[in-house]
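Next, two complexes with chain A in common: one pairs it with chain B, the other with chain C.
Coming up: the complex of A and B.
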């Protein structure tokens, strides 16, 4: 019961954060020198068209008087929160923004999924390895590799990798390797990851999607370079944090106790060291999602992936306010969700963390 | 941390202390010996020092008037125009002083050791270069001298501190001595310090380091001429720098490539090769270092100031103030910084504020206002910790003003933590800044002012060709600098607080912005 209460409290605290984030978006777009009219119509526009547009955008009342700012703010908040994003102004003029976001979502989710997973698969074992063999050459290589890997800007890494993978580059064989895929651009494979649905025996309504394995493989191979780049900084973080966490827990007295009890090294590492090392790793893993959303903008730009990050960038270039507002809202929701998930995961991994003082 | 901050005249009297002046008068030899060398060092570069100081003053004038103008402009546009007038007049006067200062001869200037010259025959001697040496050698001598000078100045400054510590300091020992001593055997920290010094020198001496100048080669190449030996005609000719650039492009194929450490057809030496538009990458990169470092230092100053004020206030008052701080920090970090930067950059596109310092000022403001929550999270813990101490209660109970308590009794404890996390977060700012310049299209530093990200963007299509240097070299510079800053942060953390190990907050600070 206590835990449920905590979760409810944590969710409640998420509300002002979402509101604050949206307010900031509103302030940046509506209170800055930015002029949406010029963005849509260009500098020299017909006054009549401009008047109609201003009414349509909710900037002016039909009688020509300007709509007070707080009403604009209220409309912005209400419409955004209820997922009523309106239509795109410039990027795909007239298309409902909600549909557009939905259409671009799969590529970003696919990219994010693999970049988190690849970073975890390589980063955590490397960090554990470096911590368990501290001050050996293996440790130095892994730690230094982690540090440099983290210091590399995503966009630069993406440029270098995309260049090497392109025709004439040292890695150009990759495109034809096993399954022919493109490296730059969006693969069709992710649109067809599931070939159909099989109903489960007698239950007609319960259907299991049938994965199309070829498309999974093609989709994975296509996203691998971009996911590697996007996961790079998190991977470096995981190596470093994992190493210090292992060092800290391996010198703890309970490890000596476990040794004295005659536990095998394997179970000491598995049950005591690795588990305790997860505590400081948790925020890093959760932080990945945060890095990912920002990073996806650049990685999607360079690898030509038609995902949300790319959409955000086109919206910025075209000053397409509805798309910017909608995407910011979606991103805020994702981040707040993962922040709450992190706090809840903390209480599961580390029961010492008080449920009362968990909001830090 | 530093008890000396709280010294007042009365304290000194009570503790029977002498002033620094008296102590130097009592034993003047070491101070005099040290000062003589220091004066000589400054004398070598006197013009540059004064010009640098004036540049800082000039920038401050522009920045402050710009801020005032924005605020006043909200109320009355006419008043803001008169402020622009004042700004231009003040800045113009300062520019005049600066050109005078720049004309003073200095040891490390391009005039003393020129590297731009031309051959008089196919194998003939070089004209107009230092001692008639090849441009590459002349440039290398100048660059080596700049770094030797910078290394010696840093060494001498450190030695000055040691002399002070040995001869003139009142107390035999302060906690800071231990901090310095711990750095002594810390190779990783020393690596960081050296990298930071190398890049700071690069930024400070950018005009003297490049084989050519930004003005000549990048800003207005068609208003400058150069002489070169034309191998086909066998005679010395004159050309516009712009035309020479046009024929020295690096575009991947064999005909059009000027790689690192080579000469182009106009007898110009390019240590890092040329860009796709034929401009010199080294000149571009060192100027880029100056801009990156200035903008990130300014952003860090803004973010650090906000973070300190917020953390001290929320730790001292707690309750509602703390909650407000938490909410605003969470609100700001609920939008990824890069997206926030993109939005603000879009909103201010074409606004005059985006022209101050070629866009750097606006970027610094945005980085400052979006970057403080990360720092605040890092220093909030120490601030809360110190606020629980008895001496804070004591100060409160005898009626000390809250601002004084915060400044004198809390700030010294919190400041070192800010230094640690700040140095780690600067790397994130440098990366984000170059990411914006990479995207271009009105974001980031305005062209043609050099920016590392723009060079990477130019070289994007040539990674797998002969012109690989365009995208590779600026990227490597960023990686080295950011690694160095992280090492520096690690080092001072170990030195200040040897008990601690890397925690999650600082890692978050280090990788704060995904660029």
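Coming up: the complex of A and C.
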């Protein structure tokens, strides 16, 4: 009950954050040298067409007077919050932005999913290993690897990897390996991960999607290089923080107590150390999601993936304000959501963190 | 708290020593820590016996090696620490120094339990107290489920935690300091150990709570026949709870005596210094008397008295002869001291020669070497049955 109240409170407190984010977005778009009129019509346009466009875009009233800024702001807020993003101005002129975002979403989610998962699968166990075998060659190797991964900037790594994987590169065999896939460009596999739906028992409306395993494999193979690049620095972080967290926990007095109780090594590490080591790791893992948003722009561009990051970049270059607004809103929502998720996860992992402030 | 001991009823009768095997017996324990520059001899050849149902005190300043002794017994000495070969720790007659991890895990808890100094950090903060007690029950006694819950409630009640069933579901941070130490004790009792090592269990607590915990330990000991090794730097606590005392200084035991005897007639200058440093013992003086200086870090085998630099009664030979643990009077076995001033009834010259001879005989420099000589007790009043082995170990260990 207390926990539900806490969650409700956190969600409520998220609202002003989202509003503030949108306000900043509006201010930045307004102050930036975007000129949608030129972007849409080109340099030498007919004044009458320009006037009609300005009215259509909501920049001028039908009588020719400019629409006051606060009304533009209000319209922007209301339309964005209600997911009424309007139509694209430039990138795919006339297409509803909502549909466009929806269409580009799967590739980015697929990329994000695997980059988080790969980082977790390799980073956390390596970090735990390094911590448990501290100051051995195994630890040095894992820690050094972690630092190297952390130190390679993803723009550099992305370019290098894309180069190696392309025709003539040292890793060009990868494209034909097992399942032929492209590594640059967008795979069709992710559009067809599920081959229809199957009803469960007699309830006709309750259906589960049937995964198309071939497309899963193909989709995974296609996204692997990009996901590796995007997850690289997070993985390095997880190794390093994981190592420290384990070391800190394993030398804690409560571990001595656990040993004095006669617990097995497995139980000590699997239960007492692991749970405590999760506490400092949690923000690192959650932080991955923020990195993904920034990183996806770059990685999607280099690997030619038609996802949200790629769309965002083209929208900015093309001064396509509705798309910029819509995507910023989506990114803000994601970040606020993961922040709240992190706080809630904290209260589950670490009981010392109170749901209320300050009263213990 | 610092009143002289009165508990005669707790005193182990003299005669049982000769008949009974000690439940825990430490001989020539040497625990060293290897560092880049030197080898720290944190525990340098100590002997210790604990008989069933008694409380043995181990007292000394910080850095004298008390906790390392406890950790050595528990098998909790990690790299770069090492228990040197030649050390012997016997639990119920069985040598445990050669145990592997698995054997130690079986021994810990159900055999020897340990309560650590800091109750605030010796419980895992992310699991409920009940969870941690039930874990001990499961591992050591195979009790699970509802039975474990009931047993855990009984244990919390045994350590006088009110509202035990609710408390089981709480986290350590919801307990006060004294409560936490009680919970730790309950957790150790859940393991049903034969020997409980208490490493300064009351140091982090304020005095009223300290008194409660000590009373609790005493009661539990009576109820369950626990043998307790009680480690502290507080002479008042020693007086309160122990039957026999071992005074430790710089990795060596410098005096052993029944508690009353120690307080009535402290022999080693160090013990006297410790007792004089108790506030209230010297009312009327302007300042509290202290022992000047610090405990040295023992990094080489002792060929001299490690206390000499701080000793008010030191003389030239103290720098040249390593004192062995000898009876304070000739033939005395219960009360021994490692000081060249003893045995008391010898002249100083005789005593020095005596110590030299004891040290030389065993070709070692540690106190256990003294055990090679049949007429002195390394540990208060044990039979001389296994002396020979000790001296051999003492020799081999070097």
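Keep in mind that, in the parts below, the second predicted complex is superposed on the first by the 354 of 360 C-alpha atoms of A that agree within 3 Å, B and C clash if a C-alpha of one lies under 4 Å from a C-alpha of the other, contacts with A are read in each partner's own complex, and residues count from 1 in each chain.
The rule we apply is simple: a contact is a pair of C-beta atoms (placed from the backbone, for glycine too) under 8 Å apart; a residue touches a chain by one contact, two chains touch by 3 or more.
Computed from a predicted structure; not experimentally measured.
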Clash or fit (per the criteria above) of chain B with chain C on chain A: fit
First (chain B), second (chain C), both or neither touched by A:258: second
Once both complexes are placed on the shared chain, angle at chain A toward chain B and chain C, C-alpha, multiple of 10 degrees: 80
Touched partner set for A:324, first chain B, second chain C, both or neither: first
Partner chain in contact with A:244 - chain B first, chain C second, else both or neither: first
Which superposed partner A:316 touches (first chain B, second chain C, both, neither): first
Which superposed partner A:276 touches (first chain B, second chain C, both, neither): second
First, second, both or neither for A:159, with chain B first and chain C second: first
Partner chain(s) touched by A:147 [first = chain B, second = chain C, both, neither]: first
Chain B and chain C, minimum CA distance [Å, superposed model]: 14
Interface residues of chain A shared between complexes with chain B and chain C: none
Partner chain C, residues of chain A touching it in the complex: 252-254, 256-265, 267, 271-272, 275-276, 279, 349-352, 360
Touching residues on chain A, where the partner in the complex is chain B: 16-21, 23-25, 28-29, 32-34, 147-148, 150-156, 159-160, 162-164, 166-170, 172, 230, 233-234, 236-237, 240-241, 244, 247-248, 280, 283-284, 287, 290-295, 297-298, 301-302, 312-313, 316-317, 319, 324, 327-328, 331-332, 335-336, 339, 359
Chain B residues touching chain A - in the complex, by the definition given at the top: 326-328, 330-340, 342-351, 427, 431, 434-435, 438-439, 441, 443, 453, 456, 459-465, 468, 471-472, 475, 478-479, 482-483, 486-487, 501-504, 507-508, 510-511, 513-515
Interface residues, chain C side, partner chain A - complex: 74, 76, 101, 105-110, 113-114, 116-118, 121-128, 135-136, 139-140, 171, 173-174, 184, 187-188, 191
